[in-house]
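There are two complexes below, and they share chain A, which is joined by chain B in the first and by chain C in the second.
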Partner chain A sequence: MSQPAEGSKRGWPLWEVFVRARRGLAHQHVGSLHAPDAAMALRNARDVYTRRGEGVSIWVVPSAAIVATSPDEKDPFFDPALDKAYRHPTFYDVPEGAKHL
Partner chain B sequence: MSSVRTVPPLAAYALALGDDALILAQRLGEWVSRAPQIEEDVALANIALDLLGQARTLLGYGGAVEGAGWDEDDLAYLRDDRDFRNVQLVEIPNGDFAVTMARQLVFSAYQCELYAALERSGDATLAGLAGKAVKEVAYHRDHATQWVLRLGDGTELSHDRMQAGLDQVWPYVDELFDPAAAASQLPGIVTDPATLRPAWERYVTSVLTEATCRTPEPRWRSRGGRDGLHTEHLGHLLAEMQHLHRSYPGATW
Partner chain C sequence: MYGHDDTGGASGGAANEAPPQDAEQRFDQLIAADQRIEPRDWMPDAYRKTLIRQIAQHAHSEIIGMQPEGNWITRAPSLRRKAILIAKVQDEAGHGLYLYSAAETLGVDREELLDMLHTGRQKYSSIFNYPTLNWADVGAIGWLVDGAAIMNQIPLCRCSYGPYARSMVRICKEESFHQRQGFEILHTLSHGTPGQKAMAQDAVNRYWWPSLMMFGPPDEASSHSAQSAAWGIKRFSNDELRQRFVDMTVPQAEVLGLSLPDDELRWNAERDHYDFGAVDWDEFARVIRGDGPCNAERLRRRREAHDDGAWVREAAQAYADKHAQSTRAEVRAS
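After this line comes the complex of A and B, so read on.
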């Protein structure tokens, strides 16, 4: 049995759920849920997020394990990229007849 | 519908299995909005809907084989308790969550063996239903197993309540494996319930052992559900389940 994750005072810990819709696609974040441990989180995810045939694979991650950017850091993190249009590949002429670009 | 129907063995068998699934679906539905967490709410509702789907197929088939013109809705909503053929296990009240999980473990482990056997039935409808349902009930069994392990091998309080739940449910176990009249009349089509017990026993015992619970040794056992003899609880369940259809026949929305 998997080790119980640390719960909040009000109950079970929170888990983030990622579902892969088909083979070949990446797992996509679909939402979160509460569960007492990882094994139950997978089962709850199956019931909450794949009951209409949405998935072939599920990941669950403790929400506490996710490190996220903070809104305070938004400017230094993302603004410098906004005015560097030359980073987009729009300055190249695409040779005529080139496929699969 | 009168209590003195003569039903062909195959129809009676399909109705009995269908009633098991229907009544347990109704019981599990009572957990909706009352489960310990919303995630568990959804899980129990999913399981209930799986069982309801099985019930629809089985009652529809039983009604067709009987040939008296009863469709699945007539059978679900217009029979009185003495015409229901479910085992008493599925009609007993939910109790606390541990009682419900004990019952789920017992019944889903039984259904796993039952549908695995029926997949080889000579009757195409039963075999087809079993082939689909065996995956559903494997998940139900896993769900119950996870909870029995966690509650049984959890805290002192959860262990005691899990054991109390098992003790409460166990008198209803034997009835699942009582001889079915249809088994001798329809060899190759209907499985003798007694043959399902060894595998059931192995699975359930291994779960209880891992959960540090003991197998209860009840001093009495239920009987009679397959003959239409039920506990007082079934009438109350049917009153709630059938009220709308009986008050507004054919109501749709």
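After this line comes the complex of A and C, so read on.
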């Protein structure tokens, strides 16, 4: 894994920004920014990503803290889901006349 | 918007290694299917370099673009105009930040990009090397320069590189306010006193041709176009977009009651487009080379701003370090 100041040799660490557009919606990734600490990251995120009232809540996460799947192993990693068509309702034949199914 | 999920540093390092056969195939398939390339995907070295060059130049343009308009913040004619102009210049800073973030997903460092700008190794749009001599220039920049930028940027919303495309969606949304406020400034001036109208006309006269140059050299002289089109970075040619801009702008000029400084500009019913005169590409080359009216001033001001801000960056870092230490001490004590 990389260092906290990932990708940044001299500058501030990178943070990923997630914004909840309005109540009832999940936070969504909107972009990233550099900041020396979490409080500044939140303030910068407000100025950079919500200048037009785009959000009611912001999360900032150090980019280095994100663990992701690798695109190289994409197929094997997601394989187990591909051959289980019976998980989808369209897999099943519904006899004519059967309602509310 | 971007997706810096490159925690293993794979994308930066992978560039120099021979691509696994299937990785290259997969890249070609994604491009052929008009799918998006994301930061951790394998990509050809030249694709990565082209994007870094283009996105960085775009980011630099946004933050250098703050200067010609920022020049008029203290002298805006009303509080309303001043508040709008501040918001617009702040947007340009924001656009620069979205784009630097997008460039960083390709494995370059923010500080490196700024160094490249400050030392003249990377360019910004030549339009910002023209001066803003009077208030109407702020209107002309919004209407013509932002109008041309939107024309260039809308197709980039479908660019094959995901982080760049996503940042362009956001930028385009915000640019439409920029263009309208510029149009409004010119409309107000052109319907004001004869002196105000003359000021608006003068601004349009000076900004028209440089705005046409923003679409880049003619297709036959554009060195990067063919490969960028094949990679789905560029969707329309320079000349196509330039023509589209002229066709859109001429009727708007009529609404403003202002003329465009081109004797050869007339509707061509056969082509279904406006014909227009030849752009002075020698001037374009001169300005790009560094001999525009404001090249030296723009870079000097940019470096000054960066140096003047050093103490703020240092103070914020010192505060963060001190705070991190005391947090660690508290954790040990508990």
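In this section, the second predicted complex is superposed on the first by the 80 of 101 C-alpha atoms of A that agree within 3 Å, B and C clash if a C-alpha of one lies under 4 Å from a C-alpha of the other, contacts with A are read in each partner's own complex, and residues count from 1 in each chain.
What we mean here is this: a contact is a pair of C-beta atoms (placed from the backbone, for glycine too) under 8 Å apart; a residue touches a chain by one contact, two chains touch by 3 or more.
Treat the numbers as computed from the prediction; the structure is a model and nothing was measured.
> Between chain B and chain C, which one contacts more residues of chain A in the superposed model?
Of chain B and chain C, the partner in contact with more residues of chain A is C.
> Once the shared chain is lined up, is A:Val48 touching chain B (first), chain C (second), both, or neither of them?
Both partners.
> Go through the superposed model and pick first if A:Val61 touches only chain B, second if only chain C, both, or neither.
Once the two structures are laid over each other on A, A:Val61 reaches no partner at all.
> Name the contact category of A:Pro71: first (chain B only), second (chain C only), both, or neither.
A:Pro71 sits against chain C, while chain B stays out of touch.
> Could you say whether A:Ser32 touches chain B, chain C, both of them, or neither, answering first, second, both or neither?
So A:Ser32 only meets chain C here.
> With both complexes overlaid on chain A, does A:Leu14 touch chain B (first), chain C (second), both or neither?
A:Leu14 contacts chain C only, not chain B.
> Both chain B and chain C contact which residues of chain A?
The overlap between the chain B and chain C interfaces on chain A comprises residues 1, 11-12, 33-34, 36-37, 40, 47-48, 51.
> What part of chain C is in contact with chain A in the complex they form?
1-10, 12, 23, 38, 40-42, 87, 90-91, 94, 97-98, 101, 104, 107, 109-111, 166-167, 174, 313, 316-317, 319-320, 323-324
> For the complex, which residues does chain A have touching chain C?
Going by the criterion above, the answer is residues 1-2, 6-12, 14, 16, 29-34, 36-37, 40, 47-48, 51-52, 63-64, 66-68, 70-72.
> Please give the residue numbers of chain A that touch chain B in the complex, ascending.
1, 11-12, 33-37, 39-40, 43-44, 47-48, 51
> Any idea which chain B residues touch chain A in the complex?
37-40, 42-43, 46, 142-143, 146, 149-150, 153
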